[in-house]
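Shared between the two complexes below is chain A, which pairs with chain B and chain C, respectively.
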Partner chain A sequence: MKGLNRRRFLQTGAAGAGLALTGAPGLLRAAEPKVLNVTAYGGVWETSIRDCFVAPFEARTGAKATVSLGAPAQWLAQVEASPEKPPLDVLIMSPDLAITAAQAGLMQDLTVDKVPNLAHIPQEFTDACLGKGTYLDYGVAGITYNKNTVPNPPKSLAEFVERVSAGEFVASVPSISYAITPIMLIWMLAKALGGSAEDVEPFFAAMKKMKNNLVFWAGPNDFFNHLASGEADIGIYFDGRTWNHHDEGADWIDFINPTEGGALTAVAVQIPKNANPLAFDYMNEMLDAENQARFAEIMNYAVTNTEVVYSDKLKPRITPWQQTAFPPYEAIGKARNGWVDRWNREIGR
Partner chain B sequence: MSPTRAPHAPARRPLPGWLLVLPAVLFLCAFFVLPLIGNAARSFEGADGGFTLLRYLVLLGDRFNLGVIAETVALSSVVTVICAVIGYPVAYYLVRHAGRFGGVIIFLLIAPLLTSIIMRTYGWQVLFARRGLVNNFLVQDLGLLDRPLQLLNTPGIAIVALVHVLVPYMVLSIATVLQGIDQRLEEGAQMLGASPWRTFREVTLPLSADGIGTGAILVFMIANGSFVTLVLLGGGFQTLPLLIYQQFTTTRDFGMASAMSVVLLVIALACLYLQLRLVRRQGV
Partner chain C sequence: MAWLALTVFVIAFFGFILAPILVVVVISFTSAGYAAFPVPGWSLRWFWRIWDYAPFLDAMRTSVLVAVLATVLSCLLAVPAALWLARTRKGWANAVSTFLLSPLSMPMIVIGFSSLFFMTAVGIGISFPALVITHTVVCLPYVLRTVTAVYRSLPPAFEEAAAILGAGPLRTFREVTLPLIRPGIAAGALFSFLTSFDNLPVSFFFGSAQTNTLPVVMLSYIENQFDPSIAALSTLQLGLALICLLVADRVYGIRKMTVAA
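The block that comes next holds the complex of A and B.
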């Protein structure tokens, strides 16, 4: 028998590496059909997804689920690149991208016979994904402020615009680099000020009035830094993230759902065509009332199963979706690129 | 005949040189050249899958977009010049006067690079926010101002933050070249009557032009593609990297993002070529 000399070791290693780079993943997948690849945002989102949905899925089915971290635009691009054999089986999506994906014919229909817990999700949420997905949870974009520097906060978006324009306080609003700015700022303010997805003139007029007292946040942590460092006193932000900061010790922060209704910013879930059939089992776990209740408790966001019973701590923080402004995602999707271009030219960042 | 090697058999021939660089070349081809080609191809691909120049016509035929390109180049150039002006004296001191403290200075230069750029950028926010350390000192402690200054979200702070990130590259590039200059040349010039300033201007500076050139290329290239600092600190700049990010996250126009990145690459290569020409013209 030949010994394992250096040359043989290198040859074996090279062959192994070549196999790993070329065909092995496929072989491994074929040998393990019960592995599902699901998605999650990073941080607390990932741990919540693992604890609240992956663990019960694995316990119930005996299958394994791997979690890919990233963002909807990236995941959708991955599915678009390989629709016949999507590398991901369940996608976390923004509502506008969910429509884009559904319209592109990349996603599967969700029905109660495939996902029994879908029966407990408001039909509006499934309709908003054109039947090819539904919403998992939702937040409300509204007015977050520093109680120490803004003892008497504006109750409406119209009042917010007036008082920021008058220089009463500096406001931090999302920059156009943030993916859902077109929804949570452009459309929401336009609608509150008498416009619509077809007419965002009121929004651009308001921004012009407020421009000397505005700073822009590029990401959620950035907004918190603006408030914590005193760069801004108030701003447009999410309810759930506000409560997270509050629970982490920032007891000076508070949130108001404006009287016009803050924009509902939902998280959609979808299953690509040709995904592993186990994806429906996983989706069912995501829509399960008990699992969603635990998810809500960690994330501080409202969830979509109507059977969910929130804890006493969470109850007063949850805004029923009927009291929010439900964005017309399809119309926003059509107008979005024009808004972004106009923002670049008129506002700058 | 014995199959064993003769006692004085010639040594095995060394591996040819090209074989040694092959792994690096293959790596670059797989993870740099091929993606670049794919990216460029996407920028020319029309909605119907055919060839199109439309994105480049939009990009280069629109005054706003041309302004963004000009702003990208201008910002990178300003940052490069400031880094050179700040970096040269530091490098000179490091090489000629620091002595046994040279290692400490190099450590102090490199230490900020060990911190995440995001953390450093947030550090600027803590310092220069409206209720940050600087404004609190000016307004509350010294009473020099009635209300805090707007220091963040101004062009100045974005440039300061970029220079802070990039100046070590300039210092180290210049110091390396200064280290190699034969000091007898400077001594000779002074013995022949040249003043210290004239010696620096006509001997040291030209001989160190290579270091300035290398530093300028490094700083310009990194500033040209800088993104995180500008996203977090703003400053009102609109540069190509910011628009590329926007095409990906907000509008999902990957074709336009590809075209913008090709333009950014061409600008970087053109500036690299010009800078190399400039440095070589100095006769170094």
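The block that comes next holds the complex of A and C.
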């Protein structure tokens, strides 16, 4: 039976059954020419992506872009499963996964001839993705506090540790179940207290001193609830999220970038190998100064194009990336499992 | 005294189970722009937000469609298998049963991840049929277990009597077996629907602009947004589960179904 092998039988049978059962909303996508599949987080992120990047891309190229909601680990797995014909053309990634994807050889090099606006992005951001991607925006992990209960907040992480240890206030810090904790807490505190990614002893010593005055948050909502309910007065959190809470009515909340520099937590963008060539046009729109300025205004986060002019409202909220602590993601990735293991043994929450 | 202690224990137990759910329901009616408890005021704005935000509605439709199709497919595959497994004396029936029930003992994230690679390898990739097939794999054991349990409790005499009176296998199944195993099918279908509808670890790997289910969109939404619309969605999901249970109770009786399970 020439031409009917097991794989073809499975393909035909499953696809046919799917069509018959469902009308196949998922199968018709591939037939469209000039359709780009891009990614976004849900909610205001997605609507901003549509307004700030998809709309100008569609207007400029005449192509269409579909937006897939999800998370970086999901998108990376999907590209990994089908590297010859990736189902997605532009990925939103966390910095550590961006390095993993680049090292796995799944992503394309970004160059100024393919993406002209890359010329306005600090080289450090592209280098952080090993040249196979760059950063779109970034937040800073620092000290968020309740102005009503902490009228004189600590200015540095060292002061934060001393005053929490002394019992002056209760602090809410991320628990180990939160994915970014190794960066925004373990590495950041270790570095601020004289350690590094190779030596996190100062962090664990600080946690031991503070342990009686700490509560732990597993997700951003927990942190806000800790402050809103009075369970904690201060904590380690992100600048953009603090301003979002502020703009939603919590005018008692405020943020400080510690003098040692808060940990920079960025959103990376990458193009998989074998993606639709239009992905470079879309990436160029994502890195455009005007588009990024509008995106920053909605998201309350700093963006990466150096030509961006922030509004008067946003300007005082933006921390220049040079005043942040740039995490060594590769070294953190190697040490992360050991940190988690030690955290579970010594802190346990 | 013992009666009092038992009563206190039961109330405390149910309080412990129900309190977090009640908090979510209460927060879904908050007037505040953020999720906090107690709530400062009451409003239905977060339920309106669900209607406003198209990906929630699209994902809800996809979730319902996937759950219904996976449940139907599970029943079509699991009921004949259960009938055979309950009566057969073949030595390898245990191996077949273990194989069909094995998704219950595997982490769902492993099933999702491996299915993504398998479906891609056979050319279906990230598509609606792939999502339905993978959900069926996860849901099938629930129907198999409940139908097998009910069918094993029935003496073969009913079917033998039908055969002696001249009914063929199909008529015996339609008029004798099916009415008797119906509570088992209903219980399995209910578990199957709810398992599929709430599933995140499997759906996660098959998410795309066309195939995202509600839990995947909810996860993506809370990545950067913390308003109480997720609480409102959870309240709606809870309501849907309650409606399913009430309908099942009216039609078959929960007691019969729990015996089957």
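The rule is simple: the second predicted complex is superposed on the first by the 320 of 349 C-alpha atoms of A that agree within 3 Å, B and C clash if a C-alpha of one lies under 4 Å from a C-alpha of the other, contacts with A are read in each partner's own complex, and residues count from 1 in each chain.
One rule holds in what follows: a contact is a pair of C-beta atoms (placed from the backbone, for glycine too) under 8 Å apart; a residue touches a chain by one contact, two chains touch by 3 or more.
The structure displayed is predicted, hence computed values, not measured ones.
Of the two partner chains, neither chain B nor chain C is touched by A:A166. In the overlay built on the shared chain, the residue A:A77 is in contact with chain B and with chain C. One of chain B and chain C touches more residues of chain A, and that partner is C. Using the contact criterion defined above for the overlaid structures, shared-chain residue A:S68 touches chain C, although it does not reach chain B. In the superposition on chain A, A:A104 contacts neither chain B nor chain C.
Contact with chain B, but none with chain C, is seen for A:V215 once the two complexes are overlaid on the shared chain. Touch criterion met: A:E231 reaches chain B, while chain C stays clear of it.
In the superposition on chain A, A:N337 makes contact with chain B only, while chain C stays out of contact range.
After overlaying the two complexes on the shared chain, residue contacts for A:R345 are found with chain B alone; chain C is out of touch. Where the contact sets of chain A with chain B and with chain C meet, they give residues 71, 77, 225, 229. Within the complex formed with chain B, the residues of chain A that make contact are 71, 73, 76-77, 97, 100, 170, 175-179, 181-182, 215-216, 218, 222, 225-226, 229-232, 336-337, 340, 344-345, 348-349. By the touch rule above, chain C contacts chain A in their complex via residues 32-37, 53, 55, 62, 65, 69, 113, 116-117, 120-133, 204-205, 207-212, 216-227. Interface of chain A with chain C (complex): residues 7, 10-11, 14-15, 17-19, 21-22, 24-27, 29, 37, 40-46, 66-71, 74, 77-78, 81-82, 87, 219-221, 224-225, 228-229, 241, 244-245, 248-250, 299.
For chain B in complex with chain A, the touching residues are 64, 122, 125-126, 129-132, 152-153, 231-232, 234, 236-238, 242-243, 245-246, 248-254.
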